[in-house]
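One structure is given below, represented as structure tokens, and several questions about it will come after.
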Amino acid sequence: MQRLAWGLIGGGQGSQIGPLHRIAAAVDGRFVLAAGALDADPERGRDFAISLGIDEDRAYGNWREMLERESARQDRVDLVTVATPNALHCEITTAFLDAGFHVLCEKPMTMDLAEADAVVDAAARSEALCAVNYGYTGYPLVRQMRAMVRKGDLGAVRVIVAEFAHGFHADAAEADNPRIRWRYDPALAGQSAVFSDAGIHALHMACFVAGQNPVRLSADLVTAVAGRELEDDAAITLRLEDGATCRLWTSAVAVGRVHGLTLQVFGEKGGMRWEQERPNQLHWTPLNGRTQVIERGDPDLYPEAEQASRITIGHAEGLPAAFANLYRDLAEVIQARRDGREPSPGTLDLIPGVIDGHVSVAAVEAAVESARGGGRWVDVARPHHNAVGVQGRT
Amino acid sequence: MQRLAWGLIGGGQGSQIGPLHRIAAAVDGRFVLAAGALDADPERGRDFAISLGIDEDRAYGNWREMLERESARQDRVDLVTVATPNALHCEITTAFLDAGFHVLCEKPMTMDLAEADAVVDAAARSEALCAVNYGYTGYPLVRQMRAMVRKGDLGAVRVIVAEFAHGFHADAAEADNPRIRWRYDPALAGQSAVFSDAGIHALHMACFVAGQNPVRLSADLVTAVAGRELEDDAAITLRLEDGATCRLWTSAVAVGRVHGLTLQVFGEKGGMRWEQERPNQLHWTPLNGRTQVIERGDPDLYPEAEQASRITIGHAEGLPAAFANLYRDLAEVIQARRDGREPSPGTLDLIPGVIDGHVSVAAVEAAVESARGGGRWVDVARPHHNAVGVQGRT
Amino acid sequence: MQRLAWGLIGGGQGSQIGPLHRIAAAVDGRFVLAAGALDADPERGRDFAISLGIDEDRAYGNWREMLERESARQDRVDLVTVATPNALHCEITTAFLDAGFHVLCEKPMTMDLAEADAVVDAAARSEALCAVNYGYTGYPLVRQMRAMVRKGDLGAVRVIVAEFAHGFHADAAEADNPRIRWRYDPALAGQSAVFSDAGIHALHMACFVAGQNPVRLSADLVTAVAGRELEDDAAITLRLEDGATCRLWTSAVAVGRVHGLTLQVFGEKGGMRWEQERPNQLHWTPLNGRTQVIERGDPDLYPEAEQASRITIGHAEGLPAAFANLYRDLAEVIQARRDGREPSPGTLDLIPGVIDGHVSVAAVEAAVESARGGGRWVDVARPHHNAVGVQGRT
Amino acid sequence: MQRLAWGLIGGGQGSQIGPLHRIAAAVDGRFVLAAGALDADPERGRDFAISLGIDEDRAYGNWREMLERESARQDRVDLVTVATPNALHCEITTAFLDAGFHVLCEKPMTMDLAEADAVVDAAARSEALCAVNYGYTGYPLVRQMRAMVRKGDLGAVRVIVAEFAHGFHADAAEADNPRIRWRYDPALAGQSAVFSDAGIHALHMACFVAGQNPVRLSADLVTAVAGRELEDDAAITLRLEDGATCRLWTSAVAVGRVHGLTLQVFGEKGGMRWEQERPNQLHWTPLNGRTQVIERGDPDLYPEAEQASRITIGHAEGLPAAFANLYRDLAEVIQARRDGREPSPGTLDLIPGVIDGHVSVAAVEAAVESARGGGRWVDVARPHHNAVGVQGRT
């Protein structure tokens, strides 16, 4: 097994998402952290990079330096993860794509639709991969749900109920804490707070599982904590391409909910329910039958789910292993390209790409417009290039 | 303890709701089933009444006969429960109120707003009680939630998430089964199916707990099973009087949900969550604190909840005991009137009355209008007589 | 429907178990509370009886008076429930049996094995019924478990894990509270505390479901709170007639357990799990299959379980309804005797009787002996009259 | 950060435990898999080692070759993990300890007590570390429980209920499947099957959390599937050093239990409950208070638990992260020795060592003796060298 060279932008000391990426990339040993521009403060970033084992000459002070010097190397990094503040996603991602680097960009892919179009365009003109980190789709049982829909176990999907609710921004006395305040500041967060930050995970999971994207929506955005400019609670109803209805609730003021990312999918022939906080069980009810508990690691899972499991049934797997699946799939595709072969079947299909990133941003814009328009139904904008997947130009 | 005489209209053999009323009325022994017009088929109704121990001369063939003959008795029934098909609620309830009988009417109180106004008017001109059977509010922990809001434990309520989802109408092959079809037939069910049948329980519970009624709403009504004229899945967002937002989802096609009546209430100072299927536990999370499990029967419950419990902590209590609380409260108020005393403090306040019935019907009408209007916000009509409670004229 | 006359001994004001019996007997309206000797204090007992609607002349000062005067009546009570302190169970039960009254005796049936033999003898020479109140067996899903074992769904039962654990006697500072102390006083509680009080429910449920009684056991009894003379935590392993092993744990010091009566049954062909605190769901796992959730009210339950349900699926039923099943079954058998017909099939089989009462007492004695003997296996004594059921002489 | 060189013995292709070790060692990047003797078949082992990125000259055909050649290297591996069949643990572990290698040995440490004594002796005469892989103790909330006991939150521990039950050996038709049969063959598995394989995890967790080892026990071992020579279900009651009682149940025939490793600890001042299948929540009930849900990642966890968490609250962490904590702790101690400094406070204390391994084996022997002796209490043998920890000679 040959190891791939991995570069990280953002995810510096104290970052929440940084450790998760590093663990996820390490789990299967397919990537070696080879280069990084980890912090807005060049010195801190370099020091931290070195402490993580990155060679001094690849511990960069900022992403432009990294772009320039990695581009010049023979052994340039095979994959760049962009985990910076959201406002930089578009610029960095397009720059690296244009330089031919494969990119894994954190969500939300961009701040607005114009930027999302720009990333889609960059992906369309590049041969590099552009993935977006909807890491929860790496959970084996999320992939099982998707496979169940595809195989027709549920028949046509009718209704999806998707939630991502937490209560960590509920304390009015903490509203001005800088760690929280920026999320409700349009200059830093864009036009939406909790939907753009949390809710789009639920939305993407619904689309990923149902195999359908939204075409229009009606939204209500609420600011529960006085003084905020952006919503901290939202309900959105979406109509999906093949007619399913998705009811989405997301909240940052739901005291008592911790990381309430849940999905319920109801079809003609059955219904199912999954919760991120207890990710190793999936509840499935065939029409007119009893509810069954499907365990991660069950011998009769679909291959997509089985291959995403690393350890035996009953042993809890968590989010690091889910994220690791995304890195493993990327490694497989990158390696296949190097080897001049096709990646193993189905791999590309499981990696969230620029269209997925675009859908989320378009849904956010549509939701803001709908809420301002008193709940009226608003179309969700489609990208110019529908055929652009994670794989770049097609 | 003197027993009160109880009359039942509807609830004949094979009825789902009839046994629940009979058990609920029997639990505390405050009522004796003394008269009944139990079935649309007079003979069946009389036979069944006699089999239940009703004297032959009070086993009536229809409600009009019952009204006439009970009105003429010295020992007329103290309370009449109306558990007929919905289309008869208004006529029967107003007739009995006008004759001075106390009435407990099943939900939905009426088929439409005009009828709801009529019942409110009848209650306003009567001295009799008019209660509406939102029996789930009899659960001790639902009353605990209401008390917690009142005492300020949550601070101002911000967001409520209310659900009533089941999957018993999901089978398209069963859509023409008469037991199911009538619910989607506007002639029999009115203008709404699942919201009017199930969802209004969730709505009433939200209002009961929050102590606020809705002022306007935005709705999406969906017909998942082809061929139905009325909705089998709905999402409604409501703004309540004091500013809270209520997000309500109700469904009859949610395969795997059995009797998914749940309530989550999020306030400035904490959040809580309750499920009808596991009614003896309430999850409460103070802001910045740990989630706690409040058990029915806990020594530190508020009096409203403590008094609603009959057996010791840990022993499961169910819906019959919850409904029984409504009958016990009605018995207390009726007995107090007989005795010329005030009912014990708080009792009247806990009994759902005509305003509650009116709110539900008005919300259904508004939801239908909003859905037809593409999700636009619609005002929820208020009754002429806001001051009319369960107690009749005030 | 003719109502039967019911008499209650014990269960006075403030009693925990009294309200449960009264509700259970009231639920189906088959019994009218007609006579009672409710309290050790004759005046309090009479007053309370009258407040419950008992006629003055049947509000007795003590059980002997009740026995004498009811025996002399034409319309004597049809059933006597004995809910006094344990030390009186034997004397009262045998006296009423000998006078020809049907008796429902609270558990533990007696204080020791000699008394248990005496009750068995009385039942054997009487034509009256003698039931013992293992009321948890009235839960529909407990009856479902029994039926599943009988139909062979599990194959041979291998291992049963039965628990009844609570934490209400864990506070050392409360050990001298009279409400708690008597339970650990051999003079009042007999030779065992938590096993005799709580654990025997778990044991009976195991035997009821498995259809097997214990033949020998090995026990460990522990006194966790210093100063107690009797055990407040116990583990007992029992070998049952057909070879199954039952592992039983019971505790009164398990802080955080509320009413932890649970049963797990593992057989050759599947396993199942049930919890009293969530009694409306049963988890069933066929060998090599997925765990399924069986809901009370499911259309495919066995008749024993279906007939024990009163309300539709998804609506929580609780302990009062479970106890009510025992009263309903007794009413059916008593009425059948009056009518000179057979009770409906299976009814007698579901009512716990004197053999069940004897088994529990014998198991308690054996457990005490085993614990004193350092855990050695001790035979569980069998009654002289194995053929004596709830029905008396056979 | 300098990486340590890691060697693995056993854990070849198809092994269950191998992937878990490799992931656990990779998570923090402190170890590089540098050498291995992975399979009983030398060729397969070498090929698999190379496929994992091990250099050809360190892909050994068997452990003796690895011992000899690694001993001769300057850059010998820093840690050897022994994940072979149980019968080889003792010989390999003592050999590597005697050669000065730090060892992490899988459980059970040895086949019998004589071997356990031998490993303890080897550890006592060596300066190398000898850890035993009770990896479940790496879960943050297991460490939280241990800290809660230490800080006195529970007061004196009274009763512990520990379980490890699964149903994967319940199918009699599969009893002769070689994958299962060896576990019940005394020649390969030793004197105990399910207790030695699964139950000792529960026992170690109980001791780890309570901070007490067992002094004597009473056991019942059952063979539920006919034809087996060793037990597939066992109940053991143990008395611990400071007086606590541990009730342990373990089973391989508990159909429906998946990986039922659970711990309940009841003390004077509170009780707590944890389940391996949902490892991110701990239920804690202070005496006379409400049950609380403690989440992994809560800001008020004890340092032992906080430091064991890698990602933010609400994001599920699983067993790979728990095992990784053991590897991280070992890396810290090994690095500290290299650096000539003390390891960070508390680290050594958290690593299960030879005494823990010895306790388990001694408990197995005592359980077998007790069961053969009809449940009588048997002392649990103590090692000669009580003072020997994970650290070797002291």
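In order of appearance the chains are A, B, C and D, and numbering begins at 1 in each one.
Criterion: contacts are C-beta pairs under 8 Å (C-beta built on N, C-alpha and C of every residue); 3 or more make two chains touch, one makes a residue touch a chain.
Predicted, not measured: the structure shown is a model, and the values here were computed from it.
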Contact-richer chain pair [A-B vs A-C]: A-B
Farthest-lying chain, centroid of Cα atoms versus that of chain C: A
Distance from the mean Cα position of chain C to that of chain A, given in whole angstrom: 56
Distance from the mean Cα position of chain B to that of chain A, given in whole angstrom: 43
Contacts with two or more other chains, residues of chain A listed in rising order: 291, 295
Complex contact set, residues of chain D against chain A: 1, 3, 16, 19-20, 22-23, 26-29, 33, 51-53, 166, 258-260, 276-280, 295, 310-321
Of chain C, residues touching chain D in the complex: 158-159, 161, 167, 170-172, 218, 220, 222, 224, 233, 235, 237, 245, 247, 249, 251, 253-257, 264, 266-268, 270-273, 283-288, 291, 370, 374-377
Residue numbers on chain B that touch chain D, as the complex places them: 290-295, 298
